[in-house]
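Have a look at this one.
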């Protein structure tokens, strides 16, 4: 990763110079490098830059164009700073498209105030708010993360399949957690289940005794933790196991990752969940690539890689690096028909497109875009067994 | 089922979810608040850089711990971090003395208003914040090793045959023990030693103490050294018990301030009490008493609702509500502030 | 150097910096930064009223800005009819219960003699009121929040023009300031700081968690704008004609498709600039009004009295001035200005994002502005607002650039180099700290200090 990061950042810095080769394409990596989710972004940024490097090194894009990533900091929370950063990326660095933003709040601000007026394509790897599905976006906004509404149905189905009658629910107090929690609650209650409590937890607090106490007092067969696996979500699970409050946990997408069983240990065995994915081997390939590049395949890092890949594949299909042209091709390269493209095979995809053939980008997170350009939400049901994540089925 | 089992169950439930975590969290806050209050008592300003000083000390301790772990030195059932702690403390002391020399000393010589110091500490906070992230990054770091539990919830249930389990983590035990030792040491130092008495005199009446020949530079230096040690220990204990992340430590600043002020700022005993008041009130106000009452109440009075005074969302606000209430009822804090 | 020259020079440098952004990066970015600079300047003026005029230490700016932001949303969004229906009479009942409890508690406090019974009765009234209110409040909340939770799930606003929300935001903030001032003013000076810190945290916690009112962490997107939308401009003929005229020289040389493409680029660019300029006009008007009022107030007998109180509270009190009363006035005024700025910021963002209210950005940064600019001097506060916001935004690209320059001598692929470049984003905090410390040390009264001895 070090090498890659270096390359990305140095080029980002140098790109401030007005002299630029004609066949150089820039992409904005527009994520929250500082702020509450900075630890997750530490893997998302490199993942996007990995795809950029892969394409750039292949020399197959638009007749050998070099692609570089320019970082912009969304701060995750501060809409004003994010708007300014997006403005800089688009109007000053003149990036062709943005990979990002991350948190739904800053994403909508940057989309409505900067990207839409400039007609710049944004592909968000992690903004899951259902509100983004209906937002007027002039066709420039896509996301490789599924909407919360879809995941709620999946969670309710899996829980019903396990014959769970009552759950306690905790969510990270942001638009992702809250939106997902509401969706889960609605779907689970529709199926006749009982939600004993729906309590939020703040990320980055460290101490979750009060939350765990409240969840334990409310009770329930399973604790659903709609959070992040390296943030409050992990703290809640650890606290619940330590105090003996819950034994079994349901893990939504933000919680599924090898880091969690590694951190918690054997006590997590028997817990289950689901994250976006199909029976393709994309996720596994990506995890290996990430390890080789020196970063973790953490939450939303696969989606970040895919977001970057989609932009560049769409460029190839549109034969132009202009957002106005490539936006119409994003859906084409993401979906069937065509040859399936795995992570690490971007060169092959680019070449096929250059030959005028069709491709179906599968990528690290089994991308399938529906509706107004969001992930269809194919889910991979998993369970934790022997300290490892095992796939038990697909939904 | 006999009545006494029900009562025992209720008590164990309460201990497991409120008393044990509250004691540990309270001790961590108390140690942090002691540092804040000492600085306030001697240097007469609220040190906003405190949270990031904690992060700095913890970071050094973690780095040393990793070094020790890699050469295979450990403490058996106890966490290795305890071995690394002295180095962390030394580093924190060095940082504190350096910032004092480069930043605060000038304003002391200028006899600046307290708010100038507060602003300067803000500057230090920003810089240390940057340095810590620069060195160790933004990730969550866990550095606990050794035996995790003193008692496990499941074992406790088997042992006693009760419905409810009680878990005590090693880190919680260590936290409370170290906090008690440090507090005793601190009070002994303040009451019995020459330097301690000088500190108290200086805090009580600066001019009078200077007239009686106390060296102000020495007092300030001692204060920084003690405060830095307490800060570093508080940070490491918090990190051992939960986990280390620079962002978390910045956030800790607010409950620590609340603790120091509720207890009466400038008052060591107040800082300790304040720490526990904040910790326990955060938990007790947001705890749903449904199960607790369920054990105690007769069959027909079983509660339907959660019996929660405030939802956990307002956990963070609780410390401030208490703070405002204390200011309204007793503006000096529980113990009258500003004397060591 | 006299103050006037100093101020002129400082502002010249400031606008020079913005112009450099315009030339070297882009004009759109320069205007974006300028708009936020103006808002920051208004906020810094509010703090300057409190700190510079009266020595009141308010570290709850975040809360007042957040109240302003909430006002922007509550005034401008259309009401959600379904949610009002779902809430039904319970909305009215719980509001009545809440107000009734407060009134009863205040009556008990005012009418009864001060003894143990009064306290006891107060507690009874408050506890009963709490449970009665909750009885109606809880079904109301769950009914409202479950109406189409993914899209609305809140009551909405009044559907009025968003510019109206700016004074409303000021009123909200003033109301909160009145309560805080009543509690904390007149006590030891740093208790005001603590009370403001606490209340601002509580205000933000409420914005985050009272979903029925503010949609909480799910944010309210798409607040109506006071200025045209870029996409509409790009469609409109008058704007096209205008752009054609403006870029006539540029377009004349081109023909056919090339001309069309160039025209499209110009349209996009011009529409963005036009919208930003509209905002600039609106914000600058507010800034000028607030500044004029501040200058007039500071030079009036009232302003002299305020400064007299600040410089020597005891003697002012001995002269028969009502110190606490004046402090309350000042505190309310300053907070109201912060509220106005908060509403303006939310208007510019086009959305209410409760999670964005963090003390670092909304309290401490504003304080840096006031101290660096020059507390007690209105122009100083404005300059501080401009300069510090500029640095806050530009520290990131500058940090990346600096790091890569500093490490050019290291070989490609060196891990130290990679780490340094990777950490560049964190230089923002480091830089802010360094600037603050340097200014405080070498220009302790700020860049444009307060004029003294008139």
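Going by the order they are written in, the chains are A, B and C; count residues from 1 in each one.
Here is the rule we use: a contact is a pair of C-beta atoms (placed from the backbone, for glycine too) under 8 Å apart; a residue touches a chain by one contact, two chains touch by 3 or more.
None of the values given here were measured: they were computed from a predicted structure.
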Busiest interface, counted in C-beta pairs: A-C
Chain whose Cα centroid lies nearest the overall Cα centroid: C
Geometric centre distance via CA averages, chain C-chain A, whole Å: 31
Interchain centroid distance [CA atoms averaged], chain A/chain B, Å: 36
Sequence positions of chain B contacting 2 or more other chains: 137-138, 311, 313, 316
Residue list for chain C, restricted to those that touch at least two other chains: 208-209, 426, 428-429
Residues of chain A engaged with two or more neighbouring chains: 34, 36, 173, 200
Residues of chain A that touch chain B when the two form their complex: 34, 36, 38-39, 42, 173, 197, 199-202, 204-207, 209-214, 216-219, 230-231, 234-235, 242-245, 263
Chain B - residues contacting chain A, complex: 16-18, 21-22, 25, 137-140, 142, 149, 152-154, 157, 165, 167, 169, 238, 242-243, 245, 247-248, 251-252, 282-283, 286-292, 306, 308, 311-313, 315-316
Residues on chain C engaged by chain B in the complex (per definition of touch): 57, 183-184, 187-188, 190-191, 194-195, 197-199, 201-202, 205, 208-209, 359-360, 364, 367-368, 371, 423, 426-434, 436-437, 440-441, 444
Chain C contact footprint on chain B (complex, rising order): 46, 48, 103, 106, 110, 112, 114-116, 118-120, 122-131, 133-134, 137-138, 250, 254, 257-258, 261, 311, 313-314, 316-317, 320-321, 323-324, 327-328, 331
Sites on chain A touched by chain C in the complex: 2-3, 5-6, 9-10, 12-14, 16, 18, 33-34, 36, 71-73, 77-81, 83-85, 87-88, 90-92, 103-106, 108-109, 112-113, 116-119, 129-131, 134-136, 138, 148-149, 173-175, 177-179, 182-183, 186, 200
